[in-house]
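Each of the next two complexes has chain A plus one more chain, namely chain B in the first and chain C in the second.
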Partner chain A sequence: MRIHRRTLLALALATGLTAPAMAVAQAEDIKIGVLATFEGAFTVLGEDGERGALTALDEVGGMAAGNKIVVVRGSSDASPDSAIRAARKLVEQDGVKILVGPLSGDEGIAVKDYAKTQPGVTFINGSSAAQDTTLRDPAENFFRFSTDGAQWMAGLGTYAYNEKGYKNVAVVAEDYSFPYTQVFGFMAEFCKAGGKVPSKSWVPIGNKDYSSVIAAIPDDVDAVYVALGGADAVNFLTQFQQSGGEAPLIGGSITVDQTVLTSKGRLRDVLIGTPAAGPTADTNDTPEWNAFVEAYKKQEGAFPSPSLFAHAYYIGMKAALLALEETGGKLDDDGANFRKVLSSLSFETPTGKVSLDKNRNAIADIYLTEVTEGPDGNLLNKLIKVVPQVNQTLGIDEAEFLALGAVSRENPSCP
Partner chain B sequence: MNADVARDPATPARNLLARIGTGHFVLAALLLAYPLVSSDFFLTQIGGYSLIFGMLALSLSLLAGYGGMVSLAQISFAGVAGYTVAIFGENNSNILGFGWPWWLVMPLALFFAATSSALIGWVSVRTEGIYTIMITLAVATAAFYFVRQNYTLFNGFPGYTGLRAPIVFGVNFRDPVPFYYMCLVAATLSYAAVLYAARSTFGLTLQAIRDNPRRMRAIGFDVTAHKVVAWFYAGLIAGLAGVLLVWFNGRISPGTINVAAAINVLIIAVIGGLKHPIGPFIGALMVVLMQTFAIDIVGAERFNTLIGVFFLAIVFFSPDGILGLWGQLRQRLAQEDLRSRQ
Partner chain C sequence: MSIADAPKTPPGSAPGSPGTGITRRQVWGLFWLVLAALFIWLVFADWPDWVKNILLSKKAFLSACLNGLTLAGLYFLVASGFTLVFGLMRNVNLAHGSLYLLGAYIGYEIADRTGYWLLGVLGAFLILSVVGLLMQVVVFRRLEGDDLRQTLVTIGISIIAADLMLAVWTGGTYQILIPDWLAGAIKLPIVTAVRSNGSIVLLSYPFFRLVVLALAIVIGIGLWLMLNKTRVGMMIRAGVDDREMLSASGTNVHLIFAVVFAIGAGLAGLAGVIGGSALSVAPGEDVRYLLASLVVVIVGGMGSITGAAIGALIIGLAEQIGLVYFPTYGVVLTFVIMVVTLAIRPQGIMGKSQ
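On to the complex of A and B.
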């Protein structure tokens, strides 16, 4: 009996002690947390984000200023709560001093709020692109090198009005902060050019049946602006095509990316000729971009072309590594010096030069694209034009831009 | 439970100490001393979180174990309490947020949670077994979609942020140690209440109703009323957990009360074991530990598989959860003890 009890106690102690020990890395290693959606509806996107981060790490051989970089992963399911839990685990348990992530819009706002309670930790955004993550009430230690959803729309509204000749456009978008930001970016230019948006439909993420949404699109619109992601985009586009929708489309940044363009079905006819804008373009032919694509493809399970999530995580991780290199890998002053270097960092990425504004939000090039058929029959986003160095206020004076108000379902409006 | 029934009337004069039991004292001492040895992370993210989810599972286990009614909607009642805190208390989402003090908001939140639980209970006591599960699953799903679509009251997808635990008499309950003790007190209260209720006339009647409702009705008991009262109590516990949960997260959004969370509560209750109110807390600790650390063991791609396999293994080896495992182990030890004495 006594022996049994002792064995049990020993077992209990052993399991209790080894579990935390596994997470402890060596002292001289620098731990970087990567927070992405490894579960839930955005799993595929999260995994591609991680590939992007690892591509940046592989470029420098996993070392920065002679220190080995250890990546600790955290997983969320795109809900703000899960992002906070994962971030707290990485920061408070694993002790990372640099965290790259998260992936989705509202997650970004939640992590920014959390960042304020952890002044000694540096948060570098993954691909979350809600405007208010950095524009209003920003956190001193939250950096976004990947631009926001409104910036990604630069040039699209003007192009749709002037080149395509669309005067009336209906909007269909998911109902959360990232699509609000995208719609804002599109409408800011489109309405200014003289266009009208008579109807906006906000649909919940994961919606399956779009028949009522499609029925609510007015007959006299010239085009439909669609800001949906992943399966939502595929479902909407399929049903739109089946219900005989004739209006041409305008795409949000993740509506006509590779995850949608490579999907099976008869989307081809609807999609060809769809203009869109975003931080990347499939047919970008600069040597920097091609080199990035090659490096990215070495990652396990990589897509033919990196998604904008891989791109955003790559940029974020790259910024962290560059700043670590410059500070000699020192984070002992609670990362104050590291953050100072980050703030003034300006570097060449596969998609042009990136630097930060005073809110620590990126100023970078944006790509205006149009869906075309590639030489091998695949659909591709053909590069139409590069909009150079777009800032968060879209070139508008800051006070004037802030006066436009926070993005929401109602704002902006030009019926 | 049957053992309790047989023992209690026979030994009325036992002193308080013996009635509480040495096991409870050891456990209490360990839980009280826990902040001395643990980091802030283990204190709140593991300790506090386990206690909160233990309470949620306890409210389910109260209904399932003593009343025979499996409810998937406990997380929704926690959500009712959570959203009450957000709407009537302070939030920084610039929507509603009446700024009432915590001592007004908290009872209100508990009241709303318990009433809504009783209401749903009143609807679902007309069903049995799998139909109760279906009804409550429907309630949980509807609640999730409703709060996600409704912007005027629940602020839709982003929900409410900036919900913070109060500062009472100079004690800041946002700090790890006070927060942990607050969770511990709430959990202990709920646990003791369930233990006490199980041995009370009400609890015994409820168990009898679970075992044979027709006979109880024939004897003259109001079966529906007893079940609805059980739902009310379960709602109180879920509501208390809900208030702590929003203080823990500092926010509430539809993601807090989605179907995955509802299933999570059921998993915790089943893993821990429904036979004793300590089961849900053990289950919660195991589930929280797994969900937090599985990603370190197998990496980002397959950690949910590991969690699933672990749960499968527990249910496979012991249908009564971890409590059942402990029971089996104790039995085996006793047998070996006997053998060695021979």
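On to the complex of A and C.
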């Protein structure tokens, strides 16, 4: 009898909890899933991604073509299977027709494959930046307005070789598709300019103790190229400083991002002066960027300047909202018309014009930066140069670019 | 006591029996001696090229070994509390990782506000001891003897604690700043290379790492002394062997349980501050250290401090050497060791078979 009453109570509670959620989603509302890493080593990154998406939503007052937009969150931990689980939950349980995400490279490839099994749902990339998400075997309904990791490196390899004078560079990067893509983008230019990369260390994502990796870096390199993100980057940089590392650093896009620059500790000594490249620059002074920073800062817990995750999710969400506005918020044809509008979308963002190529991958401006100390003592990425309208093949002819092979631990190589 | 303990002297001259000139024990002794000699040679000799081809550079190899040792020290600090609690209470405390993370955050707050790192270490130890005490008195005592429920409750606590800590300290990465007298690198009297002009290059190593190792050794010896030389230790060991009999002989078992739980939780908190200073503090650490403690304790043997030390040493070294020499599969190595241990010696290296 007692168990019976308990079951009833549990049932009543469960219904009580779900009922308000059902009441909110009415026929007129459009549900957009936001998939980001709200757990694990990339939590900070995911939280900032969400801030970016919400910034885009707040700009239009949470409405598109007269319909209220309801955001449904999906959480992953940067592993592909967790991203698939979250995407399935959003699509199959919550019934979203538009999904913005995921955040990390391997997740992007996994969600792209999942997208093929859900032709009626439109997937708009968050900030995942592995090359093969769109370059090889793309999905018809997967769009990336945020460019990929190799594009983000545009200009850096040449700058490191010519301006900084680094001839020999060691690479330390996480062992998955996004850092492969970043290293590819960096080395494509650096090796072409004449530079050598004698040693590459691929470390597992979420590694804590880098001192052995640091010790294995050859003593005779001019600089160390670091493509690590979030907590991994903080750990590496702290231990690099602790072990008395003297070689200057070159940063991957997310290594010197606000998510790392704002963390507490003795990082700044090793970080100041580090060149990097990426889709954003903190000291960008255009009115569009400044307006975006102001809008972003209204979000709860915002960084002094939006990270590239906030930027990427903002762009993705913005594209979805613009296309929804144009189609009048109609998704009843399984989103076919919506996707048609998306494909031909070309719009001004806080970081210049963005349009898509035939694989639905963005062509956009890339920013070459250097870490400096800001007026309040915080660290900022100072804008050095803008590389205009970088496409996915980095300006190389497509057939020739594909012949370079898929990015991997071994490719490219110039020891 | 039984036939199994009697010396094995089968008829004839099977290998290992006396009479063949060399015993099995001597073979092992010789093996360890050769291994030790090889290691000493690797540390002090100037490496010829063929060794460099296999082991990268001397600096990389020695640093990996030293890092393995210091990481082992950290793992030992976390796992020793875990193994004590398990040995005594037969209770797998799956919230042990949460205690580690909470200790790290509390240590960060105290060190950040007062400016004294040592105060952070001490505070985390004391506060986490109290937390452990409360967990034992409020939760585990009520569920005594019900292993499944205890395990499920600890999983529940760890999930709730992880989300609460995420709410308070957000998802950011924290670094507990160590005082200046502990920071920086020191030169060890080991030559890693000779420059062309004849000057020698010494191995430099972060001083704080060596402090972590020393601390782990001191705490390990302290625990061993407490367990083997004091009255409380005697009671704890008696409790590990036969809880009912200890209780029947008039000892207040609950008090012993509470003390052990407090020490275990306090050590986890202390390890949190040490780990948060040497590495960093971020959400997800709780699971990582819980997993590390589980593997260490499974390899070393449940309920044994010596076992925890040996297990930590093996896992720490395997992790670091794996990271340098085969990073992609390094993660697997830890679990291969665990699987092999389970297959050959299911009770762990120092565990008692039951």
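Basically, the second predicted complex is superposed on the first by the 392 of 415 C-alpha atoms of A that agree within 3 Å, B and C clash if a C-alpha of one lies under 4 Å from a C-alpha of the other, contacts with A are read in each partner's own complex, and residues count from 1 in each chain.
Operating definition for what follows: a contact is a pair of C-beta atoms (placed from the backbone, for glycine too) under 8 Å apart; a residue touches a chain by one contact, two chains touch by 3 or more.
Bear in mind the structure is a predicted one, so any value in this text is a computation, not a measurement.
The superposition on chain A brings chain B into a clash with chain C. When the two structures are aligned on the shared chain, A:207 is found in touch with chain C, with no touch to chain B. When the two complexes are overlaid on their common chain A, residue A:263 makes contact with chain C while staying clear of chain B. Touch criterion met: A:215 reaches chain C, while chain B stays clear of it. When the shared chain is aligned, no partner comes close enough to touch A:193: not chain B, not chain C.
In the superposed pair of complexes, A:47 makes contact with chain B and with chain C alike. Of the two partner chains placed around the shared chain by superposition, neither chain B nor chain C is touched by A:396. Shared-chain residue A:70: touches no atom of chain B or chain C. With both structures placed on the common chain, the touch criterion links A:243 to chain C but leaves chain B unconnected. In the superposition on chain A, A:89 makes contact with chain B only, while chain C stays out of contact range. Of the residues of chain A, those at positions 38-39, 47, 77, 175, 204, 409 touch chain B in one of the two structures and chain C in the other.
By the touch criterion stated above, chain B contacts chain A in their complex at residues 39-42, 45, 145, 148-149, 151, 156-159, 161-162, 249-251, 253-256, 258, 260, 289, 292-293, 295-297, 299-301, 303-304, 333, 336-337, 340. Looking at the complex, you find that chain C touches chain A at residues 56-57, 59-60, 62-64, 67-68, 71, 166, 170-175, 177, 183-185, 193, 204-206, 208-209, 279-280, 282-284, 288, 319-321, 323-324, 327-328, 330-331. For chain A in complex with chain C, the residues that touch the partner chain are 38-41, 43-44, 46-47, 77, 175, 201-204, 206-209, 211-216, 218-219, 230-231, 234-235, 238-239, 242-244, 262-267, 301, 409. Listed in rising order, the residues of chain A touching chain B in the complex are 1, 4, 19, 22-23, 36, 38-39, 47, 50, 72-75, 77, 79-82, 84-85, 88-89, 92-94, 106, 109-110, 113, 175-177, 204-205, 409.
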